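Got a structure for you, questions after.
As written, the chain order gives the labels A, B, C and D, with residue 1 at the start of each chain.
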Amino acid sequence: MVTVKTPIILVNFKTYIEGTGKNGVKLAKDAEKVNLETGVCFGVAPQYVDIPVIVQSVDIPVFAQHIDPMKPGSYTGHVLPEAVKEAGAAGTLINHSERRLKLADVDAVVARARELSLVSVVCTNNIAVSTSAAALQPDMIAVEPPELIGTGIPVSKAKPEIVTSTVESVRRINPKVVVLCGAGITDGEDVAAAIRLGTQGVLVASGIVKAKNPYKVMLEFAEAVTKR
Amino acid sequence: MVTVKTPIILVNFKTYIEGTGKNGVKLAKDAEKVNLETGVCFGVAPQYVDIPVIVQSVDIPVFAQHIDPMKPGSYTGHVLPEAVKEAGAAGTLINHSERRLKLADVDAVVARARELSLVSVVCTNNIAVSTSAAALQPDMIAVEPPELIGTGIPVSKAKPEIVTSTVESVRRINPKVVVLCGAGITDGEDVAAAIRLGTQGVLVASGIVKAKNPYKVMLEFAEAVTKR
Amino acid sequence: MVTVKTPIILVNFKTYIEGTGKNGVKLAKDAEKVNLETGVCFGVAPQYVDIPVIVQSVDIPVFAQHIDPMKPGSYTGHVLPEAVKEAGAAGTLINHSERRLKLADVDAVVARARELSLVSVVCTNNIAVSTSAAALQPDMIAVEPPELIGTGIPVSKAKPEIVTSTVESVRRINPKVVVLCGAGITDGEDVAAAIRLGTQGVLVASGIVKAKNPYKVMLEFAEAVTKR
Amino acid sequence: MVTVKTPIILVNFKTYIEGTGKNGVKLAKDAEKVNLETGVCFGVAPQYVDIPVIVQSVDIPVFAQHIDPMKPGSYTGHVLPEAVKEAGAAGTLINHSERRLKLADVDAVVARARELSLVSVVCTNNIAVSTSAAALQPDMIAVEPPELIGTGIPVSKAKPEIVTSTVESVRRINPKVVVLCGAGITDGEDVAAAIRLGTQGVLVASGIVKAKNPYKVMLEFAEAVTKR
């Protein structure tokens, strides 16, 4: 299986048309190309139905955007962790601001991911929630102030103290948890700032998926990571 | 594209392990085999991640178990109708008892399905809700008293009046809506009874997916439909 | 018990501070005053905790803003219809755009309201959903295009065809269902227009609750109803 | 305002008919009587509509069963913290197993309660979630394994290690957080065991509300607390 390494640039395809179906495969191939050229780890989080084809098309880790805490059974329409695993996913986003989970379910989903060796990336909205999430022992936490998502104003510039305090608070609970930051990241300088503030990578969506030339933006991001 | 015809036997794979990944492909191939042997239309509703492989493996209609009403955009973790369509789905279940939707969302999802030429199958729990759903002009309604789901006690026997009244009430609102019934269906006689009560098919899950020999059960179901 | 009559002006206090606690009691007394002066029926829908005091302060019908479908039991934090009834409510809003319910729950709540003789007012967002809701046999339907709520642009002017078509479609399903309209109503002319389009009243919130002089606005509304 | 002291016996009336309306007032008076006789702090958590009358009837702290994170505004059907406060509540349950909240909302509700000086009692289901909740700095945490709720099998006996580990983990995060335990508590011995395991009280529902003689059970509970 492909390995998830840090620093990591994790690209959330959301339900953007630019990341759906064939577009998603193209985007994942661009990410893989940048990974091969720079050695920086890229993860991609396409829609559920696009996971199997992307897994077969590229050699970079593929993430689900969400999984449900269920075990196999009568749960029509839910996202069974086992199905995502069998489809080849390496990990999953959990509790994204567009798909928030109940507290008890964040715990249950992190536990299910651990059980199936899926890398768990819990998204959080502030320092308190990041600390709270760290207590659930996920592999990674991605802090994204929701008010900055999709704005092009990077958290690393607008609210650097949220990033540094999150890193610090999460480390105090569990130093093994990888901290990423997201929201508003659009260029290499934003990525470099995130790394300087103590994160081990970024979670990014529109900045790459909706870019005119996603390959070029991803290359810039990767170079910002390696040059730090 | 494969056509959806009536009478139809629609098999919901839920999140049963027997219908996940490779197991799901095997099950879909069995359904296709029975379709080829009997001419009876079989539809299969696997999990999202299993849709693409199953679409490529068989020539029978594949349904999603749920779609969200969203248009392309920032909806991490949601099920975009366009993605399901591009993956090759012919239709979708909507509002299954294990994935109930808000009234306004049932309307929005049926409209989105129509927009993308996805066959819409709205699941309902009683006569009033079936009538209510019919007003939203879906292609099909599948009435399933939730208290019978998974029991092995078929609605066609336990509550035949729910089936006949649903057929009648739905027809009064819109005679073009196909009515299916579900819950507790395990053998050919249950299927025959459903057809006799005026439905144009059945929605079935554990009765087939968890059967020792799903092929045999599907064959029995198909024969019950043709012999009526 | 106070009677609910048509035409009715139903005032939703939402969670506006101007309609909370003592402010809510004052507002309800103003509504009662206009009712006494003009004979037009006013209903008020305050927050749950304010229902008992308002019921004891005025002689006009008091509505809950929402009830849950539960029967007495283990449902911490839910709104038991029996509790609302015992507190003196005459009816309840159901499925407001800010508190949408699952289709099966709209049905269950309407049934529970009927069981307890609470007047049921189902809120809807368009013609299809209004028709769908009518099939559930509520006492009233209040159609409110969500995009107009709180805008000051009245549905009766911006989208009169939604109002007339809703009235017509609902009548076809069940002529006994009272149809109200809402969203953007701020003056007497908006109310008069709503009545001319065939409704039997209006559902209004900020237009009254956030008015500088709610009494004056309510008087204007009542006169618009009587002068039609 | 009445003070919330520890040890505390917090009685959740749920939506039991035995705790609704006049029954709820009677129950609250019994709790007050035991408080006067023994000095042990009793809190009662009735339904929303019953809060004002109970606040006026007794001199013990009254809790809401849930509040929403909203600020005053357009949130029909939601439970505004300001309204609950103005009605006289001293605090609120948060995230009860029958009314689970999203992680970000638990944080927001705890913050809103703090802002309005409402005592916040976050309910949790296991050690990890209790630790996670402690990071949000609520006043109290009540750990209740959901599988024991309503069973009569007390957590203090069935899973004492959950109680002791929760106390320990919560203290490590924030020693000021009061820890209660709940689920299955029916007699004085269960209460005494909870206190011995390090909690500062219990959260109880059916054990008192559905008892033949709630006064007698509450007296037994209070004596178990004082005799420890």
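Everything that follows uses one rule, which is that a residue touches a chain if its C-beta (ideal position, glycine included) is under 8 Å from a C-beta of that chain, and two chains touch if they have at least 3 such contacts.
As the structure is a prediction and not an experimental result, all values here were calculated from the model.
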### Message
As a test of understanding: of all chains, whose mean C-alpha position lies farthest from that of subunit A?
### Response
C
### Query
Roughly how far is subunit C from subunit D, going centre to centre by Cα mean, in whole Å?
34
### Message
Taking the mean of the C-alpha atoms as each chain's centre, how many Å separate subunit A from subunit C?
### Response
44
### Task
Send over the residues of subunit D in touch with two or more other chains.
97
### Message
Can you work out from the touch definition every pair of chains that touches here?
### Response
A-B, A-D, B-C, C-D
### Summary
Interface with subunit D, subunit C side, in the complex: residues 12, 14-17, 20-22, 45, 47-53, 65-66, 70, 72-80, 82-84, 86-87, 93, 96-99, 149-150, 205-206
### Interface residues, subunit B side, partner subunit C - complex
95, 97, 100-107, 111, 124-126, 128-129, 131-137, 173
